[in-house]
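Naming follows writing order (A, B, C, D and E), and every chain is counted from residue 1.
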Amino acid sequence: MWSILANPHRFMAFSRYAVPVCYAIGTALFGWAMYQALWVVPSDAYQGGDIIRAMFIHVPSAWLCMGLYLGLAGSSFVWFIWRHELADIAARAIAPIGAGYTALCLATGSIWGKPTWGTWWLWDDARMMSVLVLFFLFLGYMALRAAMETRQKAARAGAILAMVGAVNVPLIKFSVDIWSSLHQGPSVIRAEGPAMAAVYLNPLLISFLGQGLIVAAMVFTLMRAEVFGQQADALMARRLSEG
Amino acid sequence: MTLPSPLLSAFRQALSEAWAGGAGVLLPFGFFAGTAVLVPFTMGSDPDLLAKIGPGVLWLALALASLVTLERVFQADLQDGALDLWVQEDGSISQIAAVKTLAHWLISGLPLVLLTPLLGMMLQVPATQTVPAMVAYALGGLTFFLWGGVAAALSASVARGGLLIALIALPFYLPTVIFGTLALDEGLGGTSILFLAASTLFALGVAPAAMGAALRLAAD
Amino acid sequence: MSDPALIEGRGLGAVRGERVLFQDVSLAVQGGDGMVLRGANGSGKTTLLRQLAGLSEPQAGTVQRTTNHHWIGHSNGLKPHETPRSHLANWARVWGSEIEVEDVLLQMQMHRPADVPCRLISAGQKRRTGLGRLLLVPRDIWLLDEPFNALDADGQALLAGMIATHRAGGGAVIAALHGTAPIEVSDEVVL
Amino acid sequence: MTLPSPLLSAFRQALSEAWAGGAGVLLPFGFFAGTAVLVPFTMGSDPDLLAKIGPGVLWLALALASLVTLERVFQADLQDGALDLWVQEDGSISQIAAVKTLAHWLISGLPLVLLTPLLGMMLQVPATQTVPAMVAYALGGLTFFLWGGVAAALSASVARGGLLIALIALPFYLPTVIFGTLALDEGLGGTSILFLAASTLFALGVAPAAMGAALRLAAD
Amino acid sequence: MSDPALIEGRGLGAVRGERVLFQDVSLAVQGGDGMVLRGANGSGKTTLLRQLAGLSEPQAGTVQRTTNHHWIGHSNGLKPHETPRSHLANWARVWGSEIEVEDVLLQMQMHRPADVPCRLISAGQKRRTGLGRLLLVPRDIWLLDEPFNALDADGQALLAGMIATHRAGGGAVIAALHGTAPIEVSDEVVL
């Protein structure tokens, strides 16, 4: 699929329809999940009462921000090796959305943490720290790109950083994990299968799917804007050089 | 170890550069004086407290030394045209960057490590921790310089991107800080020092290539 | 074509900002050639030279070099704390040169300020030190960006002599120049 | 306050310089990130401990920001020939240096002060201390920048005298740190904040002349 | 002596290292004069000019200036992040100049790259920006250190014209130069 999309024209043709479709289905799924989360799902005394409803945003956003970083590193790699213009456009579009989702994960996490753990923030919690670091990776990536003169240079610098960052992420995760953790271990994605009641699990997965589609739509939207911008630049350059 | 001659020369040149900069002799002194004066005044001189924060202050100092030093080196190389000369030494710019990093670590990082016993005394670090601390600071400092070098090389072409560097380098410093802090508690027998060594090796493997690519970009 | 070109650029182009600096520049230089790049300030001579040297990625076109080259840019590559002697000695070591640095200093007439840190020597002395690198190892291609700048009359004659000797020995020179060229020009590219 | 036009221009230029360097926007972030990540890992995250060292960490950060920033400014002015131009504005080089220092403090020091409530929350500084802390950091930071500027100007002609600077500046930082730390405890009603303000005024009176003389020397 | 000299140096001397660079140099320049400093690389032209500008304290002798001066050194005084426009606008403000920066940019033919950061513009464009300061406020004395360096033919003609106009209006120029001077020389000091 990616090799098909690597052609900007085909990408534009595809995304033209994909964007509204993703938005529509994503919003519908997410809306249903939110309805379930806010009115249907029973509150859970052990996890802090009604605040458990934050889970339906927190957990998908946690998964998505990690996924978005993988996407960033992947498209950076593709650009660095094959110089596919579209891969760079994708990387550029992913970064702010990734940063936003990471911030969302941090925010919902600390909102959840206040009633359950009695504090907004824990310094030596492994998950929290690794998400914070992910946030800094996104910020650093964007700051670096913004500081470079030309798009070409921004792409090169960004790709180097994203790739090195990707190699380092497992190390960060591992080091942080052996440090200590208050955060609960995985209860959905684990070898023995999910250990979560279906009332929680189904809306959670639906919410994840819905948010995932919305994220995809947002990324495509930003990419389209960028492609349009570049076409406009090219047009302008042609006009300028003609007279 | 016999280095090929360009690398050896890059090393010698970087050594003399770091030395001539005055940083070599003065960094440990400056840092020593700085912590000696500022830390007790601002954080109190309670021995228990100092014992707790002492190692951390040293880590911070190493991290800062690595960031500030390499930023200048690459920025200066870019401005005075020396980077152009090095970039053209075919294919070896990564190795040269690594060797320069090493030289600057020797001059600006290692003296701090060697001063550890003295600083440790001041900051109430228990005597039994001195040797593990020195090993940990040596390995950790080198890792800091390597990752800091990547960040510095990446932002070399940006006018005074000092803080961009800090932002970029931080995530990379984290594993080192964690393993290093753990290693101080566990001593040389523990596993953390092995992890620390592994993370240093990892940086040695990955950082030079990234530095090389970033320096090429900076010269463009 | 009898000889293969020492250095060849095909269809080179550079874009800076929104502006096309130059496009479709093709050039080839054989042993003995002395090519001069001409053009107004900001026309792209430095940019083209950097592409030829492999320092800058061309936005269009390709560069082929068959041998190694020397690069002399607008700045001389000197560190403030280095002395002319230590600078040349260092690059002699990097390039595994057999030549005596002392001889190079003498030839560039830099033996007197040879041990003064480069941040203190005069503009022309800096340039002479940088140019001294050309003598450390023989390389077929010399890429020179306004090399006569800051040199006095003696220094200009000296450099012109060096270039003539180099070309007589089968080397090639590509130089960006303003004003009358103190060297014999075999080919000109105007940007 | 109407500044004469050269001073106003020097101020505007310094502002844009500090801003363009990227330090303006990024320093608070970089520092925020730095403390957030490194301090708890190296010094532990015990809230009591953090409450004790928090204010000190902020003082250290301000001190470092002042040293690193101004060194670069004057070094760059010397190398690119801008210093020559300023030195010739008859007699006013002291004032110009003061104004530039002010601008860089505004861009690199003040944001840290403004972030104090946030950092204070993270580092467990008690809420009642927030306002006195901000006043103290603002005054203290300015004093740091002024003395740091003198040290930076003195070592501007030494190639990369970064650590020379630290050594020269430290003694001058000491009174500020002492009064500042006391002021944090005493609050706005105490006398320490007055002493702190006095030391700032003193610096404002003496440092510019010293900077001017040192910059003249550097240009020679 | 009819007119009082605009700038006068008496018995100037400079010592660098163990070496006397020059001694007992006396010179005086009146309105309309164009004095050229000549000498080999490292002979002390820059040093002398800096003494005349008050940037460097003479080891011997005294300098008297009756009016203000403009200084153009080997480096142009540009910040990497500044644009030519912002550089000139800033100094116009510093000097309380009434002149339109736009006009200066046009005259120096720097209107095209006027908004490109100085770290990206070409060597000649940097020099033109620095020289643009001469036009911001009228000052009787111009002290110029190799001002023609890095300029293309147009730029050299432009500067020569500026100098001629300045002298015609009663100003004086002291310039360190190598090679043939593109200006009319009224007096020469050889170091």
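One rule holds in what follows: a contact is a pair of C-beta atoms (placed from the backbone, for glycine too) under 8 Å apart; a residue touches a chain by one contact, two chains touch by 3 or more.
For clarity, every value in this text was computed on a predicted model and none was experimentally measured.
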item	value
Chain whose Cα centroid lies at the greatest distance from that of subunit B	E
Winner on C-beta contact pairs when A-B is weighed against B-C	A-B
Chain separated most widely from subunit C, comparing mean CA positions	A
Distance from subunit D to subunit A - Cα centre to Cα centre, in angstrom	38
Rounded Å distance between subunit C and subunit D, as computed from the means of their C-alpha atoms	44
Rounded Å distance between subunit C and subunit E, as computed from the means of their C-alpha atoms	28
Per-residue overlap in subunit A, given as positions that touch at least 2 other chains	129, 133, 136, 139, 143, 147, 149, 179
Per-residue overlap in subunit E, given as positions that touch at least 2 other chains	74, 80-81, 117, 120
Two or more partner chains touched - positions in subunit D	20-22, 26, 29, 33, 37, 41, 44, 76, 79, 159
Touching residues (chain side subunit B, partner subunit D) in the complex	20-23, 26-27, 29-31, 33-34, 37-39, 41-44, 49, 52-53, 55-57, 59-60, 63-64, 68, 72, 76, 79, 158-164, 166-167, 170-171, 173-174, 177-178, 181
For the subunit B and subunit C complex, residues of the former touching the latter	5-6, 8-10, 12-13, 16-17, 20-21, 76, 79-82, 84-85, 87-89, 219-220
Subunit B - residues contacting subunit A, complex	150, 154-155, 157-158, 161, 164, 167-168, 170-172, 174-175, 178-179, 182, 195, 199, 202, 206-207, 210, 213-214, 217, 220
Residues of subunit A touching subunit B in the complex	129, 133-134, 136-137, 139-140, 143-144, 147-149, 153, 156-157, 160-161, 163-165, 167-168, 171-172, 174-176, 178-179
Complex contacts: residues of subunit C adjacent to subunit B	53-57, 69, 71, 73-82, 86, 90-91, 93-96
